[in-house]
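One chain, subunit A, links the two complexes that follow: it is found with subunit B in the first and with subunit C in the second.
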Partner chain A sequence: MKSGRIFYTILFFFVFTSLLIVVGVVTSLTVTSYPIFSRDGLSFIFKSTWNPVKEDYSILPALLGTLITSAIAISISTPLAISLAVFSIEIVPSKFRAFINNISDLMASLPSVIYGLWGLYVLAPILHQYVMMPLHHYLGFIPLFSTKPIPTNLFTAGVLLAIMIIPFASSVIREAYNAVPYYLKEAAYSLGMTKWEAIKTMLGYIKSAIFAGIFLALGRAMGETMAVAMVVGNTFTFPKSLFDMGYTISSLIANQFPNAEAYNYMIPALYGGAFILFIVGLAINLAGLYWIKKVMIKS
Partner chain B sequence: MKMKANTKLVLTTIVVIAVAVLVSIFALSSWQTPTQQTTATYTATTETTPTPTTIQLSGMINGAGATFLNPQMQAWASKFYELTGGRIQVNYQSIGSGAGQAKFREGVLDFAGSDPPLKADIYNEFKDKGGIIQFPVVIGTIVIVHNIPTVESGKLKLTGEVVAKIYLGEIIYWDDPEIKALNPELNLPHEKIIAVHRSDGSGTTRVFTAYLAKVSKDWKDKVGSDFTVAWPVDQLGNGVGGKGNEGVAAAVKQNLYSIGYVETAYAYEVGLKVALIQNRDGNYVLPTREAVESAAKTLVTVLPRAYEDWSHIFPDETVDAPGKESYPITSFSFVILRQVYDDPVKVAILKEFFQWVLTEGQKDENIVKGYEPLPPEVSMVGLEGLKLLRTT
Partner chain C sequence: MLGVISSLAIISAIPIFAIIINIYSEGARHLTLNFLIDLPPPPVSGKSGGIGPALVGSLILTLLAVAIGGSIGFFTGLYLSEFSHTRLAHYTQIFLQIMVEFPTIIIGLFAYMVLVAPLKRFNALAGAFALSIVIIPYIALNVREAYRSIPYTLKEAAFSLGVSAPIAYLRILLSTARRGVLTALLIGMAKAAGETAPLLLTILGTTFTYFGGLDQPINAIPLLIYNFALSPYERWHQVAWGAAAVLLTITLMIFIISRLVVREVKV
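After this line comes the complex of A and B, so read on.
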C-alpha cells in the first residue's frame, strides 16, 4: 500500500519533469528567437539571404534543403527498412537472425560524426562517380537532375540520411511484425497463400506501425546536424535540382553557432530556424497521425 | 492513521513539484547564458604575496577562443605544465574566435584567444571596467590551394584581385584571359572553377576576406569581411562550403578544378597544391619563413600599444603588407586579457605564463609546424602590456 504510493509519487515526478522539459524547450525557443521575428517579421522566413556582415538573416533555402533531404531519405529508406524487417524475420535462418538484428541496432547507435566522415570521404565520391554523373549524363533533361553534380550536395546528404535512419524505421517495423498474432500467419498459410502473399497480408495488418517507424525516422532525418553539415555543400542558395548544393536548418545551426555570439542577431536567427523546424516537424507529425487514423478507420 | 498518510503524500508531492520547478527554472535561466565554471583552486598561497616569482605559485587559468590558435596553445600549455612541474595548468578550449570574445565579455574566461583583435564595442565596454590588454602571440598564414591536375604545386600564379573575382563569380573558367595573362607558360583547361570556402564561421575567413577587401574595391563594397560572408559565387552554383579546414581540404581534393583557402599548416599536412600569390610589390610568393618574417616586420610600424583598440587596424589594414618578399595573407593570432583581476594569484600566473609564451615560447622548438614565431619587436608589445595587469 505504502510502497505503491511512493511508486506513484516518483512516477508523477518523472512525468511532470519530462513535461516540464518540453515546455521549457518551446519557451526558450520562443523567447530566444523573439528578437529576429520582431525585427524582420515573416520576411525572416521567406527571404534567401544569410549575410552576417549586414546582420541580414532568413531561413527559406535551409528549410527547403531540410525538406528535400528528408524527402530523399524517406523515399529511399522506407522500402529498404520494410525489406530489412521482413528479411530478418521471414527469410533469414533463425541462427543468423540475432546477428542481423544486432548489426542493425549497431548501425542505429553509431555517432553521427562517423557517418559524416564516412559520407564525406567514401560515400560522396562513389555516389558522384557511379550514380550522380550517369544520372546527369543520361537524364539531365529532367529538371531534378539538371545540375552538373559535385560530390557534396543535397542528394548525397539525402542518401546518407537514408542510410542513417534505416535501422530506426526497421526496428519499429520488426517489433510490430513480430507482434502479429501467430494464428493470423497460420490462417494465411492454411488458406493456401504463398509466402509472398502471407507477408503482404501481415504488412497490411501492421500498417500503422510502419507509418510510426517512418515518422520516427523522419524526425531523425530532419534534425540531423553533423553528418549533413559535412556532405550537403553548405551554400545558402535556392536549390533548383537534387544535385544542387544547399543547406539544412540543422546543418546551418551546426555551422554557424560557434561564432554566432559575435553578432547581435545571429543567435535569435538560429533559434528562429530551430523554432521553424520544430513547427514544421510538428505539422508533419500531426498530418501523419491524422492520416494513420484515416487509414486505420478505413481498414 | 490513513489521514496522516494522505497528508504525507500530499506534502511529499508538493515538495517534489516545488523542487522540480526550482530546478527547471534554474536550468532555464542558466541555459540562456551558458556559464563555464572557472574553477581556480590554489594550494598553499596567501593573499599577501608581494613577489610572486619567489613563491611557488600554483593554480589554473582558463582560456578559450580561436580554433586556429588551438594546436599552438595546447603545445605551449603542456610544455609549461611540464616546466613548472605541474604547478600551473593552462586550459584552452577551441570554441571559435567569436565565441571566445563573447565569453570573455561575460567574464567567465581568464583570457581569450582570437584571430581578429577585440571588437570595438566590447573594447569600449571594458574601458570603464579597468580596460583590457591584447597582444599577438603567434603568426599565422593562409594559402590559396587548387586542384588542377595539369598544374603542379607552387606553379600557378594569382593576384588578389583575380582571387576576388573568382569568389565574386566574375571569373568562371580557368582559361580566363586574366588568369592566362598571369600564367602564359601554363596549359590551363577550359573548366569551371569550383570555389571552395569555409561554411562555419571562422577567423580564417575573417582574415581571408579582409585580404580580398583590401585588394578589391568590388569585394569591399559588395561582400565585406567577417567570420562568415554571403559568397556571391554560391549564387552561380559554382561555390561550395566545407565545414572546418578539413571540410575545405576534402572539397578541394574531391573536386577537380577547384580553388580554396586553408591555414598553411593544414595545406601541407594533407598535400594540397599551393598557388603563388602576388604581393603588394608585385612579386609572387609562398608563405615561407622569410616571406612571413618580412611581412611581420613591416607591421611593426603600425602596431598599437597593448591597451589600445586594435579593431580598426587588424586584420583589415595589415593584410597585403608592403615589402619585396612579404607574404600578403599574413595575420597575428591574439590573446586578450583584462587589466584587472580580483585574484592576485591569477594575475601572477597569467603574467608568468604569457611572459614565457612571448620569450621562450617563441623559440623554434616550442612553435608548432605551420605557425611562425613573432619578431622580437612584436613580442615586446605583449611584454610591455603584461606590466599593466593588476588586482582591484
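After this line comes the complex of A and C, so read on.
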C-alpha cells in the first residue's frame, strides 16, 4: 500500500508542476510588463513610436502587423484547408488517403525556421516578381498595394503563414467531416444530390468545426515567430499598405530582445507586447475550443 | 466544382514538396562528415567549416528537454486519462489545451525571467527548460490518448491481480500503451529539435565552443539557421542551407519512425 501512496504523490507532484508552469508563465508576463503599463497606461498600446534612446515605446504598428499578416494568412488558407480536407476524404481514391494525410501532418511538424529560410530565399523573390510587382503596377492606385514592394514585407509574411497553418485548420475540419453520421450522407445522395451538392450539405453540417479550425489556425498565425521574423522586413513603421515592411509583436520581441538589456524600459515593453499577444491569442483559442466542444457534443 | 477543390488541395500541398526539394538541392552538397563536426567557417573566406557546436548543442538540449518535459508530460497525461473525473484533471486539461497554442516565444520570455535574468548569463539550462515547457502539453495530451485507448476490461484485469497502482500503471498497462507513449515522446522530440523562438531568448547561440557546461551559452541548429540566414555573408547562407538539410533530415527521420510505430496519431 505504501508504494501506492508514493506513486500518487509523485503523480500529483507532476500534475501540479504542469499547472504551476502555466500559472508561472502568465505571472511572469504580468509582473515584468507592469512598469510599462503603470508608466504609459493605454498609450503604450495606441501610439506608434519605438525610440529606445528616449525610452519611448508603444506597440500599435506591431499589433497591426500581427493582425494584418494573420488576416492575409486566414483568407488564403481557409479555402485551401477546406479543399484539402474534402479532397482527402471525398475525392482521392482511398488507397492514397493515408498518403495525403501524412503529407498534411508532415507540413504541421516541419520546424518554422525551415519555413522561414525557404520563405526568405525562395518564396519571397517569387512573390515579389510574379505577384507583388504586377499588383503594384496595375492596381497601385488602391491604397492596399500603393507601396513599391521589396521582397520581404507584411504580404510575404502573410502568405508564408498561410502555407504554415493550412494543415492545422485542415486536420480539425477533416476529423469533423469524418465524424458526420453516415445516414446523413446516404440521405443526401438518396435525394438525388450530386457529389458537390452532398459535399456542400456536409460542410454546412460541420460549420462550427470549420470555425474552430480557422480560429485555432489564427491563433497559430498570430503567435508564430521565427518564420515571420525572417520575412516581414523588421521595420518599425505604421503600416499603410500590404507591401510595407513591418513587424509583428512576436517578431518584434525576437528582433529587439538581444539588445533590450541595455535599456531601462525595453524589457517591460517587450513583455507588455507579449502580454497583449497572449490576451488576444487566449480569446481566439478559447473561441476555437468552444466551437470544437460544440461539435463534439453534436456528434 | 470538384475540379476546383482538387486543384486547391494540390496547390496547398505544393509548398511542402518545394521546400524539401529546395532544401536538399541547396543543402545536400554540404552534407559531409566534416560539416557535422567542424566549427563554423569565418564569414568571408573560402575555408571549409561546419555546424559541430550547434549539432552538439541541439543533441544536449533535445535530450534534456525530452527527459524533463517527457517525465512531467507522461505523468500528467497518465493522471488526465485515469483520473479524468476529478476537477484537477478537468482544469489541467483545459490549461494544457491552451498551452499547446501558446506562442512559444512567450515561453522563452518566461524561461528568461526564471533562469537567465537571475544567473545574469544566457545558458543551456534555460534553453532546455524552455523546450521542456514547449513539449509538455504535446506529450501529456498524447499520453492521455494512449492510456485512454486501453480497453476498460484490461484495466480491470490488471487491478484484479491485486498489484499496487504503480505496477498496474507502469508495468502492465504501459506495455499495452507503449506505442502511443513512444509516439508521444517522438512528437515531443521532433518539436524540441526544431523549436527556435524560445532559444533566441535563452541560449543566445553565437558561441564557437562545443559545450562549456549547462550554465554557459550553447548553440542549436535552428538558431544557427536563423542567425546565419539573416547575416549579410554569402558563405554563412550556404552553411544555413546545409544546417537546414540536417534539421530536415532529423525531422523526417523522427516523423517516419513515429508513423512506423503507430498508424493513427494525433498531432
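Quick note on the criterion: the second predicted complex is superposed on the first by the 259 of 299 C-alpha atoms of A that agree within 3 Å, B and C clash if a C-alpha of one lies under 4 Å from a C-alpha of the other, contacts with A are read in each partner's own complex, and residues count from 1 in each chain.
Everything that follows uses one rule, which is that a contact is a pair of C-beta atoms (placed from the backbone, for glycine too) under 8 Å apart; a residue touches a chain by one contact, two chains touch by 3 or more.
The model shown is predicted, which means the values in this text are computed figures rather than measured ones.
Q: Applying the touch criterion given at the start, work out whether A:230 contacts subunit B, subunit C, both or neither, answering first, second, both or neither.
A: Once the two structures are laid over each other on A, A:230 reaches both partners.
Q: Pick one for A:192: touches subunit B only (first), subunit C only (second), both, or neither.
A: In the superposition, A:192 contacts neither subunit B nor subunit C.
Q: Does the superposition put A:32 against subunit B (first), subunit C (second), both, or neither?
A: After superposition on chain A, A:32 lies in contact with both partners, subunit B and subunit C.
Q: With both complexes overlaid on chain A, does A:120 touch subunit B (first), subunit C (second), both or neither?
A: both
Q: According to the stated criteria, A:106 is in contact with first (subunit B), second (subunit C), both, or neither; which is it?
A: Second partner only, subunit C.
Q: Between subunit B (first) and subunit C (second), which does A:181 come into contact with in this model arrangement: first, second, both, or neither?
A: A:181: touches no partner chain.
Q: In the superposed arrangement, does A:88 touch subunit B (first), subunit C (second), both or neither?
A: A:88 contacts subunit C only, not subunit B.
Q: Could you say whether A:256 touches subunit B, subunit C, both of them, or neither, answering first, second, both or neither?
A: In the superposition, A:256 contacts subunit B only.
Q: In the overlay, answer first, second, both or neither for which of subunit B and subunit C A:21 touches.
A: In the superposition, A:21 touches subunit B and subunit C alike.
Q: Please name the chain, subunit B or subunit C, that touches the greater number of residues in subunit A.
A: Of subunit B and subunit C, the partner in contact with more residues of subunit A is C.
Q: Under the contact rule defined above, give the subunit A residues that sit at the interface with subunit B and also at the interface with subunit C.
A: 12-13, 17, 21, 24, 28, 32, 120-121, 229-230, 254, 258
Q: Per the contact definition, I'd like the list of subunit C residues that touch subunit A in the complex.
A: 1-2, 4-6, 8-13, 15-16, 18-19, 22-23, 26, 71-76, 78-79, 88-89, 91-92, 94-99, 101-107, 109-110, 113-114, 133, 136, 140, 164-167, 169, 187, 190-191, 193-197, 200-201, 204, 222, 225-226, 229-230, 237, 240-241, 244, 247-248, 251-252, 255, 259, 263, 265, 267
Q: Residue numbers of subunit B touching subunit A in their complex, please.
A: 5, 9, 12-13, 16-17, 20-21, 24, 27-28, 31-32, 95-99, 101-103, 119, 194, 199-202, 223-231, 234-235, 237, 239-243, 247, 250-251, 254-255
Q: Which subunit A residues qualify as touching subunit B in the complex?
A: It comes out as residues 2, 5, 9, 12-13, 16-17, 20-21, 24, 27-28, 32, 49-54, 120-121, 124-125, 128, 147, 150-152, 229-230, 233-237, 240, 244-245, 254-256, 258-263.
Q: Where on subunit A does subunit C make contact in their complex?
A: Those in contact with subunit C are residues 1, 3-4, 6-8, 10-15, 17-19, 21-22, 24-25, 28-29, 32, 77, 79-81, 83-84, 86-88, 91, 98, 100, 102-118, 120-123, 163, 166, 170-171, 195-196, 199, 216, 219-220, 222-226, 229-230, 250, 253-254, 257-258, 270-271, 274, 277-278, 281-282, 285-286, 288-289.
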